[in-house]
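Take a look at these structures.
Each of the next two complexes has chain A plus one other chain: chain B in the first, chain C in the second.
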Partner chain A sequence: MPSLMILIPLFGIIALNLIFAGSVKMRRWAFVFALALFVLQIAVAVFYHPAFRNNSLERIDSFFRMAFFIDHLTFIMFICIGLVSIASLFVARYTMPDESGRFKFTNLLILASLGMSGIVMVKDIFSLYVFMEITAVASFLLIAYPKTIESLEGSFKYLILSSVATVLMLSSIGLLLLVSGSTSFTEIAAGIDGSRGSAFVLLAIGLFICGLFIKGGLVPFHGWLPDAYMAAPAPVSILLAGIVTKAAGIYTMIRIVTTLFPYNQAVNSVIMLIGTISIFVGAIAAIGQDNFKRMLAYSSISQVGYIILGLGAGTGLGIAGAVFHLFNHSVFKSLLFVNSAVVEKETGTCSMNEMGGISQKMPVTGTTSVIAFLSTCGMPPLSGFWSKLIIVVALWQAGHHVYSALAVIASVITLAYFLSMQRRVFFGKLKAGLENIKDADRGVLGVSIILAAVIVGVGVFFPFVYTTLISPVKEILIR
Partner chain B sequence: MNGNWQLFSTFGFFIVLLFVCGAYCLVVTRSMIRAIIGIELLIKAVTLLIILAGNMTGQVALAQSLVITIIIVEVVIAATAAGIALSVFRHTDSLDVRSLKNLKG
Partner chain C sequence: MENNYLLAIIFVPVFGSILLPLAGRISERLRNWLALTFVCVSLAGSGLLVPALFAGKVPTISVALPLGFNFVLVADGLAVFMALVSSLVGAIIVLYSFGYISHYDNRNEYYFMVVLFLGSMMGLVYSANLILLFLFWEITAIASWRLIGFFREKTHVIRADKAFLITVFGALAMLIGFIYIYGKTGSFDLAVIKAALKSNPIPDFVVALILLGILSKSATLPFHTWLPDAGVAPSPVTALLHAAVLVKIGVYVFARLFVVTFPVGTVWLTAMPIIAAVSAIVSAGAALVETDMKRIIAYSTVSQIGFIFLGFAVGNGVGVAGALLFILMHGLAKGGLFLCAGIVEQNTKTKDITKMGGLFATMPVTAISFLACSFSIMGVPPFGGFFSKYLVFAGAVNSGQTFITMTFLVGALLTILYLFRLFNAIFLGEGALTSKEGSKLMVASVAVLAILSLLSGIYIKYPSDFVQMAVKQMMGI
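Our next item is the complex of A and B:
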């Protein structure tokens, strides 16, 4: 049954291109189809059917020879993928006037979300690689889509670094195959347990983690990320920042570390060190930026640092905090990128020094932006506060007092650059030449309000969300 | 592993050789096409590694299916990369990566 999450989008894309591509009128249905798909994905995750979890449609699954499984972490990722894709879809309708260009965009968006649904469902390290490549190729094409020289440059940098990451991960897969003779998670874990301390295993672990650091854009390997986010068209930035790097890099790291090498002190300390460096370098680099999207990209690096810092704590609580922050980050960072898309479309620039006082003309965008950045900095009672609190408490309980103190200090830097952004872009006096701008259309405003409502809702109903959604994630550590 | 030591060392030598060639190509070159060729060389090294792993562990069928999948994926990546390089060439009339310096900050 889980394979339907892959099959429906796959045959949907084929059908769209065979039947609907012919006439311009029919192409509009692509939007409706994609929207229905993503809503279905969220609906499945929210009201998950017991049948969906345990039963498998034997005939379809055996045809694919690919075993999928679904647990609590997968459901959270489904919700993230659905939410971010819907935001991206509505922003595309707002920023891309060209009908046929948008049709191509919608197809690639469905392809990317198909790849990510696959990433979060596989239980086999090689299928993971295949789905990762599907997502990556769709993202390269999406970034390069406007065909300006900047977007091609961002796309090419991402392509080269992502291919290097792929090579590192594939060599690791090869070494793990040599050690355990299989590619499924459970057998590899058994193989690693059997040959503890072998040089091949250590090399394989190192290579895989390195590859994931590149994919997730963590600090020593972050060169491609600000360029790709900045050069990509607005809806694609939302998709990349909200979910693609998180599903391909961070989710995979959580899954691999908890299933293949849990309680490995060396791995955990490397992850914590890289996480802390990312938090600080990302935050400090964000302060000096003038380009709105580039600043959000550096902020994204910094927040991803928090996620893997929680993972590095190595306890159930730390992993719950990491997953919770992953969810929150994809919501508030998508909201900030939606706001930046609206501002870019209306003012025609991304430079923050050329803006000012936009809040008077765009009340909804200004307000949702305040909610999103306060949540990013960890203001109670918004959602970001709770996830950061869980990460800090988990680090303290695990005995990493220094890291936990550094995580708290870095929140202040986050507040600094976001306050500077808010003051330069939204508050103050309206800059000359911006008198005629207006707020976005109804679809985009609806998306902004829904995302802001999710931030406030998750923050206020934190106990309910934590016990039903986040806490069960701890199970993945105990096998 | 002892019986197959000769096989292992021969394969290992070529894997490392290909890997070093690919990495060197990627580091030194300034042409976009050569960078793509470097990536291809690296993936070839990994393909060889997986064949070796399949042979050593007796999982030849598994290794074959993995290698075929890798070849398909690699072709897709190479085609995408070449397409991007072609579009850059149309903009700048050169394949030099030093012409890609518009994004900074």
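Our next item is the complex of A and C:
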């Protein structure tokens, strides 16, 4: 059954291009198809039937030389992928007036989400690599889509650094294959267990983790990320920041670390160190930014730091917190990028100093941006507060008191740059020359409101969300 | 039954506040009265809990949640007392806002934030779980951020950001302290913590971390600077922030944690009164030289908060009773002063006292209310402020801290000086400003606060009975 999550979009894209690409009128169906697909994905994750879980379809599955499986972590990732893709889709309809350009965009979006669905379902390391590449190639094209100098530059940077990551990971896969004689997660884990302490394995682990740091845009491997996020068209920034780097870099790291080398103290300390550095470097760099999207990009780096800090705690609670924060981050960061897309489209600029008091003209965008940023700063009762709290508590319980305290205090810096953003963009007196702007169209406003509702809802009903969705994630460590 | 009251007290205003912007689209009047109703639900609900308290019951709601994040509400004497004071002053402030705020933009947001603020305050005082307490604590910070920047001027927004950052910094330091306690006891539930920490005081650095949060929220030296700056907010808000609610949050949490829940090291019995004394004297001095009317009153608040801390910090029943009464008396009187200042500001369009004078002739009711509230803060008998100040001093002397008490006497003297200076500059003498009395609702609100300040002194028996009952519960006598 899980293979359908790959096959439906795959044949969908082929059908779209064979049948529907001919006339402009028919191309509009691409939007409907993509929307239906993403809604289906969320629905499957939320209302899944246990039978769906890992029921194999013999005939169809034999089509793949790989096996898929779904666990709680996969479900959470499905919801993230679906939500962010829907946001991206609606924003594309709002900001890209050109019908045929949007058709290409929609196709690439489906391809990227297919790649990510693959990433979160595979259970061998080589298939993982294949799906990562599918996602990455779709992302290169998406970033370069406007074909301006900046977007090509952003895409090129991403391409180069991503290739470096690829090389590192492929070499690592080769080494692991030598050690364990297989690429499946379980056999590699057994192989690593068998040759504990060997420098060979250590090198393989190091290479792989480094590749993931690049993919996830963590300090000091973050050079490509602000350029790519800033240069990409608005809907692509949402996709990249919301989910692509999270699925390719962070989800994979969570999966790899927990299944291949759990309880490895050296790996955990490296992860915690990189996480803390990312939190601070990202947040401090964000303070000085004038470009709205660039600031959000640095903020992303900082928040990803929290996620892997939770992972580095090495306990079930820490991993649950990391996954929870990953989910929350996709929601609130997508919302912030949706807000920035609306502001950019209406004012024609991304420079925050040229804006001011926009809330007056855009009540919904203004209000949802407040909810999103407060959640990012970890303000109760919003979702971000709980995930950060779990991470901090997990770190404390694992004995990493200093990291825990640092993670708490870093929230002040987060608050500082977001308050500066609010002051310059939304809160305050309306700047002269902006009298004629208006709020976004209904589709985008609907998306903003839904995302904001998710943030508030998850925060208010935290105990329920925690017990049903987040806590079961701990099982990945035990297996 | 009591438990239902308890839930209504918190959740009617918290969730009701979300309806207010929607109601505002239908009708202004509907929204205003809804806002008042929500706050009055809290007031009435807390009032209905009083008989149960005197009957020796402590209404409690407890729902176990994962990770020790239990949802626990406890309505003991301290909580009900704080809730009554805050919602009483809050209700009067909402009433006053009807007139004050009616000709500014963003009224929907204003009522939303004020009611949310008061609702969170209710949540804060009744919660007996550190995380729940922290949660409501931060919601009040968010609401006050929006309220201080209400007029959207650039300097106002910057000051709002400043207040937000300072209080959040303190709160996060406090959170680290909470997490330490969680690490030791495995729960955020105050009852569990109390049992676990019965005999061993928590380390001094944890107390210091928690104090960072408390002092920044209560605007005590050295974290006081945001409070005078926050005077740019609309007057009902400054009254709300300063007098009734926000600065009392810190004091309340001090009482809740350090007096009621866990023992602290003996060093704090000396250190805390010293911090309070420095804060009281320095800010009283600042109030003497300022020329901005609202800043003077704000500095006066910083100074008076020092007295409340002194009462709680001396660690005996008399001082604690004095501090509790002080919260009530100061809430009423300082709320009155700010609202009077609001009327003066709105009618003269200035806050600079050097430009004012002779306003007594045109606004007599406001002037007399102002004077009455000033008397209460100075501690002139028979106003309520006299009794609270007396008890705080008595408590401090009983604990043997003579030198500290002398310092506070100087502080009390300075209070008399700067308040007379303020009254003199605004209402007496001659001035060029033309003015008129404020709207009926606004004048009525300040008059009510002034009369309450007087009545609370004349009928001191009732609040003092309540406070004694609360103190007995708190100190476990």
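Quick note on the criterion: the second predicted complex is superposed on the first by the 479 of 479 C-alpha atoms of A that agree within 3 Å, B and C clash if a C-alpha of one lies under 4 Å from a C-alpha of the other, contacts with A are read in each partner's own complex, and residues count from 1 in each chain.
By our rule, a contact is a pair of C-beta atoms (placed from the backbone, for glycine too) under 8 Å apart; a residue touches a chain by one contact, two chains touch by 3 or more.
Note that the coordinates shown come from a computational prediction; the quantities given were computed from them, not determined experimentally.
Novice: May I ask you to decide whether A:144 touches chain B, chain C, both, or neither, giving the answer as first, second, both or neither?
Specialist: It touches chain B, and chain C stays clear.
Novice: Who does A:419 touch here: chain B (first), chain C (second), both, or neither?
Specialist: second
Novice: One more residue to check, A:411. First (chain B), second (chain C), both or neither?
Specialist: So A:411 only meets chain C here.
Novice: Check the residue A:463 against both partner chains and state whether it touches chain B (first), chain C (second), both, or neither.
Specialist: second
Novice: Tell me the contact category for A:392 with respect to chain B and chain C: first, second, both or neither.
Specialist: So A:392 only meets chain C here.
Novice: After superposition on the shared chain, which partner residues are touched by A:177: those of chain B (first), chain C (second), both, or neither?
Specialist: It touches chain B, and chain C stays clear.
Novice: By the touch definition at the top of the document, which applies to A:331: first (chain B), second (chain C), both, or neither?
Specialist: It touches nothing on chain B or chain C.
Novice: Which parts of chain A are touched by chain B and by chain C alike?
Specialist: In the superposed arrangement, which is not itself an observed complex, chain A uses no residue for both chain B and chain C.
Novice: Help me check something: in the complex, which residues belonging to chain B touch chain A?
Specialist: Going through chain B, the ones touching chain A are 22, 26, 32, 35, 39, 42-43, 45-46, 49-50, 52-54, 56-59, 62-63, 66, 69-70, 73, 76-77, 80-81, 84-85, 87-88, 91-92, 100, 102-103, 105.
Novice: Where on chain A is chain B touching in the complex?
Specialist: Contacts found on chain A: 126, 129-130, 133, 137, 140-141, 144, 147, 149-150, 152-157, 159-160, 163-164, 166-167, 170-171, 173-175, 177-178, 181-183, 226-227, 230-231, 289-291, 294.
Novice: Residues of chain C touching chain A in their complex?
Specialist: Answer in residue numbers: 65-67, 69, 71, 131, 134-136, 138-139, 141-142, 149, 152-154, 157-158, 161, 164-165, 168-169, 172-173, 175-176, 179-180, 182-183.
Novice: Residue numbers of chain A touching chain C in their complex, please.
Specialist: Of all residues in chain A, those touching chain C are 317, 357, 374, 377, 379-381, 385, 389-390, 392-393, 396-397, 404-405, 408-409, 411-412, 415-416, 419-420, 423, 427-429, 462-463, 466-467, 471.
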